[in-house]
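Structure first, then comments.
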Amino acid sequence: MIIVTRPDATEEQIDHIAARIRSWGLKAEVSRGEMRVVIGVIGPEDKIREKPLGAFPGVESVTPVLKPYKLVAYEFRGRHSHVQIGNVVVGAREFVVMAGPCSVESESQITTIAKEVSKAGARVLRGGAFKPRTSPYSFQGLGKLGLQFLAEARRATGMPVITEVMDTKDLDLVCEYADCLQVGARNMQNFSLLREVGRTKLPVMLKRGMAATIKDLLMSAEYILNEGNFNVLLCERGIRTFETMTRNTLDLNAVPVLKAETHLPVVVDPTHGIGLREFIPSMALAAVAAGADSIMVEVHNAPEQAKSDGEQALLPNDFEDLVGRVRSVAAAIGREM
Amino acid sequence: MIIVTRPDATEEQIDHIAARIRSWGLKAEVSRGEMRVVIGVIGPEDKIREKPLGAFPGVESVTPVLKPYKLVAYEFRGRHSHVQIGNVVVGAREFVVMAGPCSVESESQITTIAKEVSKAGARVLRGGAFKPRTSPYSFQGLGKLGLQFLAEARRATGMPVITEVMDTKDLDLVCEYADCLQVGARNMQNFSLLREVGRTKLPVMLKRGMAATIKDLLMSAEYILNEGNFNVLLCERGIRTFETMTRNTLDLNAVPVLKAETHLPVVVDPTHGIGLREFIPSMALAAVAAGADSIMVEVHNAPEQAKSDGEQALLPNDFEDLVGRVRSVAAAIGREM
Amino acid sequence: MIIVTRPDATEEQIDHIAARIRSWGLKAEVSRGEMRVVIGVIGPEDKIREKPLGAFPGVESVTPVLKPYKLVAYEFRGRHSHVQIGNVVVGAREFVVMAGPCSVESESQITTIAKEVSKAGARVLRGGAFKPRTSPYSFQGLGKLGLQFLAEARRATGMPVITEVMDTKDLDLVCEYADCLQVGARNMQNFSLLREVGRTKLPVMLKRGMAATIKDLLMSAEYILNEGNFNVLLCERGIRTFETMTRNTLDLNAVPVLKAETHLPVVVDPTHGIGLREFIPSMALAAVAAGADSIMVEVHNAPEQAKSDGEQALLPNDFEDLVGRVRSVAAAIGREM
Amino acid sequence: MIIVTRPDATEEQIDHIAARIRSWGLKAEVSRGEMRVVIGVIGPEDKIREKPLGAFPGVESVTPVLKPYKLVAYEFRGRHSHVQIGNVVVGAREFVVMAGPCSVESESQITTIAKEVSKAGARVLRGGAFKPRTSPYSFQGLGKLGLQFLAEARRATGMPVITEVMDTKDLDLVCEYADCLQVGARNMQNFSLLREVGRTKLPVMLKRGMAATIKDLLMSAEYILNEGNFNVLLCERGIRTFETMTRNTLDLNAVPVLKAETHLPVVVDPTHGIGLREFIPSMALAAVAAGADSIMVEVHNAPEQAKSDGEQALLPNDFEDLVGRVRSVAAAIGREM
């Protein structure tokens, strides 16, 4: 922690700050420049991260030296982690495609789509049973029935399933059916939910919030690991910017940054990221080239009838074509599928 | 709903779209311009808001004519609503100041601060017992004990209390103690929580999420009203922008827009909004002048010892000074305190 | 300057960095914490601000201690500056209202509006002769003729005029007519233009760019002062955010921050800031309360016929009403008009 | 153009709007829904794009049907354009790599780097002689001397050169030396400069501003084409968002959107886009996969001595390695190098 004092800070104020730091069991090194006094704090930074140093008279700025995340940090493991969803490993040399509809709408819908995407090369099936919708008047998902249909689709195809849990009270139910839990962008800082999914044994895919910095995302993941669950995948799915031609701004910059900062695997969701069907394949390929471990893509066999997000679902044929191109790009950067 | 077709849309595609609209019981008016065909949809827009019209071949854009919110819309009431917190009315001619510490830390802390802010002119006491914190290693609040201390401070001062609920499983507990529930910025789109607070009888202050548009905020409020609870206050508390000199960007533009769009009262939180102690009074006064009904300000008697956000807490003396200035500006725009 | 090294930085790398710092005539203090080595650089920070320290092997981060602006810094003067536009002083106790149409359209248009706004209480007349327009097909301003009409309106009312200069090649011409130059948001980082206006004797109002941080704005002003022209006003006029209900997001947070960081006067342009006529008065009053020295408001006597931005122009009557309210709020915070 | 009226719009107001539209030679189709009256305007939209329809009493919103750009629109050509820089064609099947230092610093520096990048596979040499710098105290470029050194490097390698022009008054000089003009992000809406470069015969690379929407970028390009110069390349180089771990947020979403909206070639600058040396290769590969026609990368042989942006320059060896990977990804998506 480095404390820069104000130009008008008094000796008394500086002494007061240094004394407090020492009272917390840390070392304070006072360094006098021409214009400013700088106080370096030496010792375990955690001890004082929560101290309101900025509230002390005479302080201009407080800059941490160490990162606030520990368990998710790349250094914690020193290698990239593999996370297993059913029989599929994410984070290893194989590039993994996850696909499925936005919402589970019926047993035949999810089973039909599951078979199509599996045939095309998808390894994990997605489908929402609990749907976070901006409007209370929109389709909110089939709930338990949707989970049962998902299980049916798994039986029919052998694909493990990933599905969203929106609330702690639904967690037990979702855990009965899911192979991987999804925490959505809107719940990325629902800390109660993070703690609870951290107490399950299931892998968790945590989506980046629309206004969440990469650091925020890592801190939210830290909540899950801190409860003992290290099977976490991080998912970039688009942030909010001023651009209006796309639904969100898929931030692929997060991919190489995350691969350097954390050992956790990185998934990219180009569907929500750009939100326009015709541009999803380009962003999917870019995600592969940027170094993601996996992509998650929405596919629907009858988008005109979809109960949510039909506008951004790929048709099975387009998806099949995309998987072929993903395979080529993955091979070009030394990954396989 | 207005559908603009692509320049290369075929007659067949246009007929298909019009036919589907009619099949939903609405009227489709096809209007042929020189460059584009436009299809106007006449009838209750709700019926087709959820239809994936953008997924139909030949569609370039779909623009709604009506607003997606109903119960929160100003037109629904035709006048501004008053929301009662204990014995205090927000949204009437009186400008209401809410104040208190970020977190409840001890009985003496909260009671001392409550007495100070009450004496200075605050009408509602704030204080967090359940704290949403970016880091799992930060102080997470005293929970039930914090609620009991809050109740003690209420007894000592007569001020009603507002406190945050973070999860549906804590709701019953919080309802036992609170006069007003707060749903925090990070939970603004926790739709399960919104529905549950909508089923209580308590007033709810809903804070705008950091990446939430004004429309998103109104839609989240709609969830609460839709469950039967009309006692909702909306709170602007800063959005995420590229600016780094301030903690957030308090968006006062939201104040007049909300006052025109909805009948619900508008609160401004300058503390989190700008996040720098010395600038909070300026933003508080600006909030009054912009037309807010209330401000919520963090005050601490010993910021250096605060367990959260000490850097941005006003001292009781500074708060008292601020209330005097708020009173002057309120009077200047025809409100009283 | 504080350099934090990577956890895996070698002694050789640390020595190399320290040696280079010393070779530039500065002192390097190496401080070894438990997890990181921190190198403090002592001496005039300017000398190394431009050195690519981040390019040195072993460096994790480089944090400046001092601010990069000097002439604009509040400390440079130790008091707030007054800037004189014709016979009007901005930055003193008097709150100054500037008003006029977006574009000068005809002699009668600008003279009529000038008389109206002058009567209502405006002290400076605005009007664009060179107009920066997003589209090449939009009205681009009357150029020299517009400047002549402005001069005519000045003669008719006695108000000094402010008008935009868009390019170095028009500067001499604009200087012949203007009492104050305006550098628009889109030219805030047109450094050639900044240098040239810095060589004139006229006051300059510099508008904040739509993606400019407060620091960027101050650095651009520094260009002007660095050429010898200290008569600079800074204008907040709205930044780009994700919000779409307003044209821009007027960032009033910038007002108190600028008043603390710089001695230069601060103007707010609520018209472009929120961009919706009915909400401009609220934002204007908020700007006064936030501590601005002046506001600039667009007024048009026939908005339906305006050649630019008619949607956001106040009618003369509404403007007169606004000035009365501005006067009340200004009085409430101890300023006069 | 589609005009939606307010719920309380009177018949008189609606008639007034329709009458005005007809007075401009267009057709007005009034369509009465249950809640709103909608007025469709039929005829050349350009005629009324500039009319302040939003200023008319009774209007709630005005939505254009057609796009405001014409010459840059994909439909204008119906195929993608090729732009020739010296002997290099951008926009055809060949993927083009442009490279060079941020600034031209000396003849030996630019010639050395030019030879290195040429050998590694770059086809166009970049290097700044006029440098837009946030601070007036930073290195501002060598000006004419820098242009002469660039010409020398061209002679030594045969590579055409691209260099920035910052001001209309420098344009003739830059045109003497450059094969392609660059208009920087900060000048993207310097409309005087856009017009002037539109009158030259040289190709122009227009960089997207930090707060510019894709539509803004296209409108700025329209200025250049409208003056007769169709040899324009568009360059995505990162936008401003709330993320602070990267210098900017490279918006690769813009790539497929631009390829669909315009016939102009698309270049991506990953160096400024993410601004962190170690992550540039990932973003460069992602740009290729997203469908860009070219990338521009900064390379320096001695980043520690660079006079600008040394932190984000690749070393020649790293660049050579990158080119090999770019070639593989380009091949994987059916392009050659």
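Think of it as A, B, C and D in the order they're written, each chain with its own count starting at 1.
The rule is simple: a contact is a pair of C-beta atoms (placed from the backbone, for glycine too) under 8 Å apart; a residue touches a chain by one contact, two chains touch by 3 or more.
None of the values given here were measured: they were computed from a predicted structure.
Put simply, the chain farthest from chain B by mean CA position is D. For the interfaces A-C and A-D, the C-beta contact count is higher for A-D. The mean-CA centres of chain A and chain B are about 26 angstrom from one another, to the nearest whole unit.
One finds 38 Å separating the Cα centroids of chain A and chain C. Taking the mean of the C-alpha atoms as each chain's centre, chain A and chain D sit 31 Å apart. Contacts with at least two other chains are made by residues 211, 239-242, 244 of chain B. Chain contact summary for the complex, chain D toward chain B: residues 2, 4, 7, 29, 31-36, 38, 40, 42-45, 63, 65-66, 75, 240-242, 244. Across the complex, chain C meets chain B through its residues 211, 213-215, 239, 241-246, 249-257, 260, 273-274, 276, 278-279, 282-283, 285-291, 325, 328-329, 331-333. Only residues 20, 46, 49-50, 52-56, 68, 132-140, 166-170, 186-187, 189-193, 195, 209-211, 216, 219-220, 222-223, 226, 239-240, 277, 303-311, 313 of chain D touch chain C when the two sit together in their complex.
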